[in-house]
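Right, I'll just put the structure down here and ask away after.
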Amino acid sequence: MTEKTTELDAAAIETLKSVTTATLTTILLKKGLRNVWIRGANPIHDKQERVVGPAFTFRFVPAREDLATPASWGSPISTRAAIESMPEGAFAVIDSMGVADAGVFGDILCARMMKRKAAGLVTDGVVRDLMGVLGTDLPVWCRGAAAPPSVAGLTFVGWDETIGCGGVCVIPGDTIVADLDGAVVIPAAFLGEVLEEAVEQERMEGWIVSEVERGEKLPGLYPMNAETKARYEAWKKENS
Amino acid sequence: MTEKTTELDAAAIETLKSVTTATLTTILLKKGLRNVWIRGANPIHDKQERVVGPAFTFRFVPAREDLATPASWGSPISTRAAIESMPEGAFAVIDSMGVADAGVFGDILCARMMKRKAAGLVTDGVVRDLMGVLGTDLPVWCRGAAAPPSVAGLTFVGWDETIGCGGVCVIPGDTIVADLDGAVVIPAAFLGEVLEEAVEQERMEGWIVSEVERGEKLPGLYPMNAETKARYEAWKKENS
Amino acid sequence: MTEKTTELDAAAIETLKSVTTATLTTILLKKGLRNVWIRGANPIHDKQERVVGPAFTFRFVPAREDLATPASWGSPISTRAAIESMPEGAFAVIDSMGVADAGVFGDILCARMMKRKAAGLVTDGVVRDLMGVLGTDLPVWCRGAAAPPSVAGLTFVGWDETIGCGGVCVIPGDTIVADLDGAVVIPAAFLGEVLEEAVEQERMEGWIVSEVERGEKLPGLYPMNAETKARYEAWKKENS
Amino acid sequence: MTEKTTELDAAAIETLKSVTTATLTTILLKKGLRNVWIRGANPIHDKQERVVGPAFTFRFVPAREDLATPASWGSPISTRAAIESMPEGAFAVIDSMGVADAGVFGDILCARMMKRKAAGLVTDGVVRDLMGVLGTDLPVWCRGAAAPPSVAGLTFVGWDETIGCGGVCVIPGDTIVADLDGAVVIPAAFLGEVLEEAVEQERMEGWIVSEVERGEKLPGLYPMNAETKARYEAWKKENS
Amino acid sequence: MTEKTTELDAAAIETLKSVTTATLTTILLKKGLRNVWIRGANPIHDKQERVVGPAFTFRFVPAREDLATPASWGSPISTRAAIESMPEGAFAVIDSMGVADAGVFGDILCARMMKRKAAGLVTDGVVRDLMGVLGTDLPVWCRGAAAPPSVAGLTFVGWDETIGCGGVCVIPGDTIVADLDGAVVIPAAFLGEVLEEAVEQERMEGWIVSEVERGEKLPGLYPMNAETKARYEAWKKENS
Amino acid sequence: MTEKTTELDAAAIETLKSVTTATLTTILLKKGLRNVWIRGANPIHDKQERVVGPAFTFRFVPAREDLATPASWGSPISTRAAIESMPEGAFAVIDSMGVADAGVFGDILCARMMKRKAAGLVTDGVVRDLMGVLGTDLPVWCRGAAAPPSVAGLTFVGWDETIGCGGVCVIPGDTIVADLDGAVVIPAAFLGEVLEEAVEQERMEGWIVSEVERGEKLPGLYPMNAETKARYEAWKKENS
């Protein structure tokens, strides 16, 4: 673990946009982190491009009929107030405890997040008014859609806390990267190392794919034996 | 609960076609009904438009090898006989107990339902011969597709009974409304009130979205405070 | 059960390509086999055509941190070695024990399978680098996609063994047929009989659909009573 | 399947009280019935003796807040009315759809069933007021206990219908046998054959256990080869 | 909802010790609260008496390998520090997100809670070192036992917060009552009303049981019709 | 990982009999192994003492009606043959894929295992004829009991292979330790280290419990700070 935390600045975001979540999980696993992929969060359409941003968390608990009411939407501790607190570029991460029959956000809240330039939204629950949400163009990863409002199953309790989402621990400020394979958490303390290794890992895997396309067999190629490594290093020298 | 039951006539169907299931669940929740959305029932293609109709129910129980046979399809108590009993415009609601490895209906039965002008079909189970079912153009909401016939896991026992479907109670004659967010049950006794409030709720939410697009913040807007309400009422007066 | 095993030759493959998995499960159920459909395996895109091939099995067990490491990918007992052992036209069937948070194969391994002319791949688990896998054009049936590598949750232990996949027993050399309704196993000893009956069943169901389109009612038509059978036989005579 | 249905008279009940549910499922499986054991129904204490009786069914659907109220307990279609309709010796089988957070019956209803000489109660759901239920001495098989009343999750809709319970089809008048291994359904049409074979099967398994205790190896003993069969037949002759 | 919150003083605790959780859920349901019973929390032995206390909450999120380590047990934000903050008589309520393969507390922590005079412990997860925990005599409700330490699956994040436990919202200071039917949450604002009604409800149900034992039929008795009510009122007058 | 494998001899078994599975999982976690506890395997009675033995594995796959028949019990590849191959003292570990509605073993097979001096049996599935199994005194850890025979849901395929059981990888010869907290796998390569550390860990935890009983606070005690460590070391010196 690096002592000094690397910042997720514009350059880091640009780098991570070119790295698959598959590569990121491989790198983190080599560092001992096997549990960084948010279960149950798929993109809501299949053209979704990769999105990167710092985590901004929302926490829900189960509904209690006296607390989870449409009236509660006007309370100072509401999803509305939380959205107004999101910094530009933040990635909303919502702990819905996997609840699939109450939609955490619909078109109005997603439209407002777009206005506030949120990077995207990921939840282990579902959204509602899917057609409206698709219309806002907010990048969303979730378990699907359900018509009922959040208060049918959930009570909102706060934001900017450490949460669980899809079986993963998410701390405000961790980096979220999401693509067609779902959403991955890069803990803040690991960002520097991951950035260093990610680009090289992507280049190497790209070269291996091209070797497979040329007809190379897998053993010795992936993972690379000494001979293949030498060939790859030679190719890198030529192409850099 | 209204004393007199409102009928689901052509005008009511037309009205409900313009109301999202998200709005309907919000209205019903305000009346104390939190459990009206059928779990596990998604449209089989993503261009599916909203469909409305009175519930016509089918009930299955688990398969027993001596009862659940292809021969049973010819019995007087069969899905075939049930389909022939459906009135025009009815919405088939099928209690499959969430079974996901035996398809309740395939292309032949769906084609016949289209011929009989069924509004649509919703089940907490799956269909089979998905390509054929898509070809019939019957609007279908379900948990997915599976190749095995219903008798691989289910025995049909009757129609036009009160059933459970996706964790919701469905009584013949309740109104079913289904769109991209899934299928919602409007109990017969609530139809009148829902019709009264639904159109206004949709108009209000549409106005709020337009306010968000203009850059308004959420607190005070959604839900509306007194000032916003006044602005909205003024807008309504101007635009009616 | 036939004594002599029928071979899955080119003609048999051609025949099965015209038979839906829905029809195959009906035929096998009539022979007493109710459990031949692999649960949780959907095609990764909705244009996927039907694919047929003999099963070539892969077996995983849960991950143990000392065994399931990126280094293990270079071991003689690895998914890489297994892929190099696949005969042309084989259908990879992968027992992932339903694990949905570790992708068994990604773009590199799928690209190599295409090079080796695999018929397709079916698993009760997930793939990773979905965009890359789609790019290889390998026909794939699975539970979805996840970013983490197989070693995050799985240890590979061997190939060409009897396995379970999606709640179904798969023996190397059984025939796999997969389409939009998922993947079905035809046990080797049943292939001959299935081939004999499948084409007639498809023709019959096609005729029934056309009758439904003409406006015929279901009772007496599907299943056919004596009169309908006579009409169908007459039609067959005319059209053969 | 026998043509003539055998009655579950006092003698048949006496016979079945000496046959384990394990033996019954083996006999039924040999006749092609693999799905006769009610999932999720355990005895509520570990001293429970075997109980036998004809099935008397109760059917619940999910709760809807306007229907599932304490007031509904007084309606003519209520669990109370159903209990008063149970004949002496009947075995209550309750379709709770596996709901584990609303207890179908508590001490009052169980006490009344005891008064009416019910044989027992089996459900795929739970009971409530477990201490009170234990106090009534009614033999109960269920998934456990939960404090909330049935109306918290369930609506009662009728009795004496074909139902599903724990993934099994139960028809009024089928025979229920329940012991420490749970509850098994003997379809009415199979009762005669089962009675004929059950006693012999129990005797045979008892003899095999005694052989194992004498030190015999399993192969050839269980299942028996020709030589073992001869030995067993000789023993039977001696001991009859 | 009462304006003024009733305190859970010694008298209130004494009263609630004589009220079953079954009765409490019925009373709360009549007030519109259907979701107050903690799912998956059973007593660890079947002689456990009823326990009452104010909720003191613990919150876990999923484990991340760099955070969830035995070393973390020494951090200022640890379960140890939380236990030392518990007031006498508090009921520990632990949000384990239903995780069943990592034990939140073992014998050492339970022994310390006993020393600090905790009323009991309830979690939707599991404990570890069950034999040791039983030895401490701390009343515990949980999903069972598992050997692995909490850090195998969980990271502790804080105490005295609003949490979800077993699908129920728990706010510090709510009252917890637990018996053989599990654990129920009485929201602070409802305590006064519940206390008023609970004793009468228990008395009434006790009288009904005695009537059933005398041979009375259920309809008219439970729920009571006018005539039964009159009889009951007369009995109350005589016995008060 | 130690190079040289330590043998599970009589002394090692004696040592492990005094170590809780809770302690073993803590030790293995410190070595990087978080996934060594078999999910879903509880002792069948609550007086079960700790049992230790080398793993002897059984592998099942799902049932196919033509393979999974009572006749198959006589085949050379059968559970019977596997049991006759078990060395004295072996711990049977059975991969039932978590199937809970078909009992892998009943009284006859368990009685034979006792005769052959098996240490115990653990499965992620269930047993059948629970009363008979209890009568054999074989120590058994499982998910419960079910009446149906294994062939109702499972096909046996082999023994002495690497398997998955309850989400854990088990290799023949790994050590199994099971007590009231369930069953833990000690991989062969880790046995030496575990033996070295286990006894000291137990002694230390015992001392901590006694300190708690004396009234010590948790912070600084568990885990121990420097001062506590010194006190503990002094106590050890005195008491050794």
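So that you can tell them apart, the chains are marked A, B, C, D, E and F in the order they are listed, and the count of residues begins at 1 in each.
One rule holds in what follows: a residue touches a chain if its C-beta (ideal position, glycine included) is under 8 Å from a C-beta of that chain, and two chains touch if they have at least 3 such contacts.
These figures come from a predicted structure and were not determined experimentally.
**Q** To reach chain E from chain C by way of touching chains, what is the minimum number of steps?
**A** 2
**Q** If more than half of the interface residue numbers appear on both sides, call it same; otherwise different. Which is it for chain E and chain F?
**A** Copies use mostly different positions to touch.
**Q** Using C-alpha centres only, name the chain that sits farthest from chain E.
**A** That would be chain C.
**Q** Please report how many Å separate the Cα centroid of chain A from that of chain D, as a whole number.
**A** 49
**Q** So, what's the distance in Å between the C-alpha centres of chain F and chain A?
**A** 38
**Q** For chain D and chain E, what's the span in angstrom between their mean Cα positions?
**A** Their C-alpha centroids are separated by 32 Å.
**Q** I need the residues of chain A touching at least two other chains; which ones are they?
**A** 32, 34-36, 63, 65, 167, in rising order.
**Q** Check the chains against each other and report every pair that touches.
**A** Going through each pair of chains, those in contact are A-B, A-C, A-E, B-C, B-D, C-F, D-E, D-F, E-F.
**Q** Considering only the defined contacts, which chain E positions touch chain A in the complex?
**A** It comes out as residues 1, 32-36, 60-67, 97, 155, 157, 161-164, 167-170, 187, 189-190.
**Q** Sort out for me which residues of chain B touch chain C in the complex.
**A** Per the touch definition, chain B meets chain C at residues 63, 65, 70-71, 73-74, 78, 80-81, 83-84, 100-101, 103, 106-109, 111-112, 115, 128-132, 144-149, 151-153.
**Q** Of all residues in chain A, which touch chain C in the complex?
**A** Result: residues 20-22, 24-26, 29-30, 34-37, 39, 42, 167, 179-182, 184, 205, 208-209, 212-213, 215, 217-219, 222-223, 225 of chain A touch chain C.
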